[in-house]
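There are two complexes below, and they share chain A, which is joined by chain B in the first and by chain C in the second.
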Partner chain A sequence: METLAWILLDTMLVTALLALGWGSLASKDLRRGVVLFIGFGLLLALVWVRLRAPDIALAEAAIGAGLTGALMLSALRDEPGTSSEAAGDASVRSTPVSASLLLTLLSAGLAIVLGAAFICALDRTDPASLAEEVFANLGVSGVSNPVTGVLLNFRAYDTLLELAVLTAAVLGILSLGPARSGYQASGPMLSGLTGWLVPVILVVSGYLLWVGAKAPGGAFQAGALLAAAGVLLRLAGHPSGGLPRELALRGLMVVGVAVFLIIGLTLMLVGRGFLDYPVAWAGSLILAIESAATLGIAATLIVAFLCGDPGQRPENHETADSGVPLAKCENNRRNTPR
Partner chain B sequence: MITQQLIFGLAGVALFSLGLRMAFSPRALLRRILAINIAGAGLFLLLVSVAYRGREMAPDPVPHALVLTGIVVAFSATSLALALGRRLGGHREDD
Partner chain C sequence: MPGKTMNEFLSAALIVSGLAFFIAGGVGLLRLPDVYSRLHALTKADNLGLGLLVFGLLLSTDDAFVAVKLVLIWVLVLASSAASTYLIAQRARRRERGVWKP
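And now, the complex of A and B:
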């Protein structure tokens, strides 16, 4: 009976998830699509909890739904009018029916192959799986949360390269031009709320970083939460979202990769393998890497949200700091011919 | 085989194919970036469903770590794509 209730709940979750996914792609209004996508991400976080993946649930809620949603909403702001169908989808030329049919058939075929592979994977019960290896060696990894153990010890290369990918993407964004113009200074409600929320977010982020060693949490969740504080500051009218300027910002962006590399290379110097931690030191080294990674991830995520370097001025050199001429600055930029 | 795995895994397959199909349709750039994100979410769902091993056994942490990495990489790609779209002068052009 209990099982039946769970199956019912899971089916409802999945139905709502598919409906939100479909709605966000099919709705006529692009803005509504983005909002439905945020709802989709939050529901997906619930699904992760059902699948016993609380680490992913935290990351999904913070990055997948929160930051991606905020990023897309601010991208909508770039182009007034794209939120309506007339300026968004409809102006794009349509494809011939045959091509669209072929695409539908191809994606359906791929879905069938993927589904078949999934069912085969479920049928295989492999006793000597990677999971057993992880649980057998968790004692020497320096942490007791298996996901953190995999991310920062057993497969630390993956995480190092992931940080490098994040930094590379943000370098690409930085090279594409100045940041979006900021928002006007907020009213007393939002700025008061920001004053309360930002310190709370800082504390929770520190907690997530610390607790990641033994419970769900870790550098990504903590970094994403810190970035959320930056997004909040930005929306409340702080042009740089709490980021430092110039060299300090550059340093903050690479600190995660840098500390990771320095620790890996130092271990090589003392005669061990790259990122092969000594057992006694593993916990502290992982914490050091995670702390640096949290700062680096937060800084890169905020720069990604700002869509450029906050210290760099838009072409017309109007100041974004005073808060008053922001709307004007925005208009000027739009009126210049592209 | 566990029913829960089957329900979520097949939903992941459905989301993947939905997102893939929509990503190739001639629509606004932002909409197609949304579609790619939904296709990615479908794949993550598939991976985590495979990692699930019932209520008695702890789930396999390796796919969990992969999906965590994937979420961050998906965000990087999305933000770069949006910045490129902005540089191109809007979300309308697709050629």
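And now, the complex of A and C:
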């Protein structure tokens, strides 16, 4: 009876997930597509919970649904006429037949490869898996959450490179020029909520960072939550989303990679391997790296939301009604070729 | 143990009545004619539906930490739904799009 209920729930989840994914891709109205995509991300987080991967569920809900959704909505902000049918028709018309044929072929190939991998995974009978290896060695990792153990100890090198990729990406965003103009200061309702919610978010983010050592959580989840506070500040009228200017901002951009590298190289200096933590110190070193990475990831995500360098003043500063983008001139410029 | 069963019964009753509010909210979102009445339907699901759900779950947990987390979730959803409902209604009013055009 209980198994049947779970099967029913799983079937409903997967069906709704596929429907939302299709609706998000097929929607002619871009704004509707984005909203469906956010719903898709939230359901996907539930699916990860059902697959007993709560770490990924947290990251999916915070980054996949929350921040990516906010990024897409803010990208739509400057698109003229997104809510009308015209925008959808234009985008459909602009895709040539050859391109859509190529996309179909590529997607079909990908589906075949994934299906084959799935069938191979089902067929595999040997029980020796990486998971057992991880659990056997978890005692020396310095943490008791196996996901954090893998990310920050056994495969710390991968995580260091991931952070380096994020830093490279943020350099690209900063080189786009000044951040887009912000929103007008919000009314009492939103600014009241922000003033109340941002401290709560800071505390919860710190909790997620700390608890990552023994339960689902960690630097990526904590950083995403911290970035959500930045997005909230930005929407409430704080132009830089709570980010500092100039030197402090540059420091925040590199602090994750820098602390990671300093710890790794120091360990080499004292005669151990790169990022080969001594067992007694592993917990503290991992916490130090994760704290720095949290700040770096949060700053990176906020810069992505600002879409540029908050240190520079945007040109053509205009005022408008709250919630309406200040960069009206940009809209007009884009409208003229039509 | 009669106390235990009583507790379980109460918990289930609260959760089921909470779900009724969610169903009503969902139906209201789909069937009501304009932005304001749709918002009105949705807030019932957030406030009462989630509240009853949380209280039902509170009765079935013995862990104080879990209980605090549950109440915190309800309070956070209350605050954010009140603020976002206000913002959506204000926006709709400002644009004079009181009647929803699908």
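One rule holds in what follows: the second predicted complex is superposed on the first by the 290 of 338 C-alpha atoms of A that agree within 3 Å, B and C clash if a C-alpha of one lies under 4 Å from a C-alpha of the other, contacts with A are read in each partner's own complex, and residues count from 1 in each chain.
Keep in mind that, in the parts below, a contact is a pair of C-beta atoms (placed from the backbone, for glycine too) under 8 Å apart; a residue touches a chain by one contact, two chains touch by 3 or more.
Note that the coordinates shown come from a computational prediction; the quantities given were computed from them, not determined experimentally.
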{"item": "Partner chain(s) touched by A:196 [first = chain B, second = chain C, both, neither]", "value": "second"}
{"item": "Partner with the higher number of touched chain A residues, chain C or chain B", "value": "B"}
{"item": "Touching partner for A:98 - first (chain B), second (chain C), both, neither", "value": "neither"}
{"item": "Contacting residues of chain B [partner chain A, same complex]", "value": "1-22, 24-28, 30-31, 33-35, 37-38, 41, 44-46, 48-53, 58-62, 64-69, 71-80, 82-87, 89-92, 94"}
{"item": "Touch list for chain A against partner chain B, complex", "value": "3, 6-7, 10-11, 14, 17-18, 21-22, 24-25, 30, 33-34, 37, 40-41, 44, 47-48, 50-53, 55-56, 59-60, 63-64, 67-68, 71-72, 75-76, 78-79, 82, 87-89, 91-95, 100, 103-104, 107-108, 110-111, 114-115, 118-119, 121-123, 129-131, 134-135, 146-147, 149-151, 155, 158-159, 162, 165-166, 168-170, 172-173, 176-177, 220, 297, 301, 304-305, 307-308, 338"}
{"item": "Interface residues, chain A side, partner chain C - complex", "value": "187, 189-190, 192-193, 196-197, 200, 321, 323"}
{"item": "Touch list for chain C against partner chain A, complex", "value": "76, 79-80, 83, 86-87, 90-91, 94"}
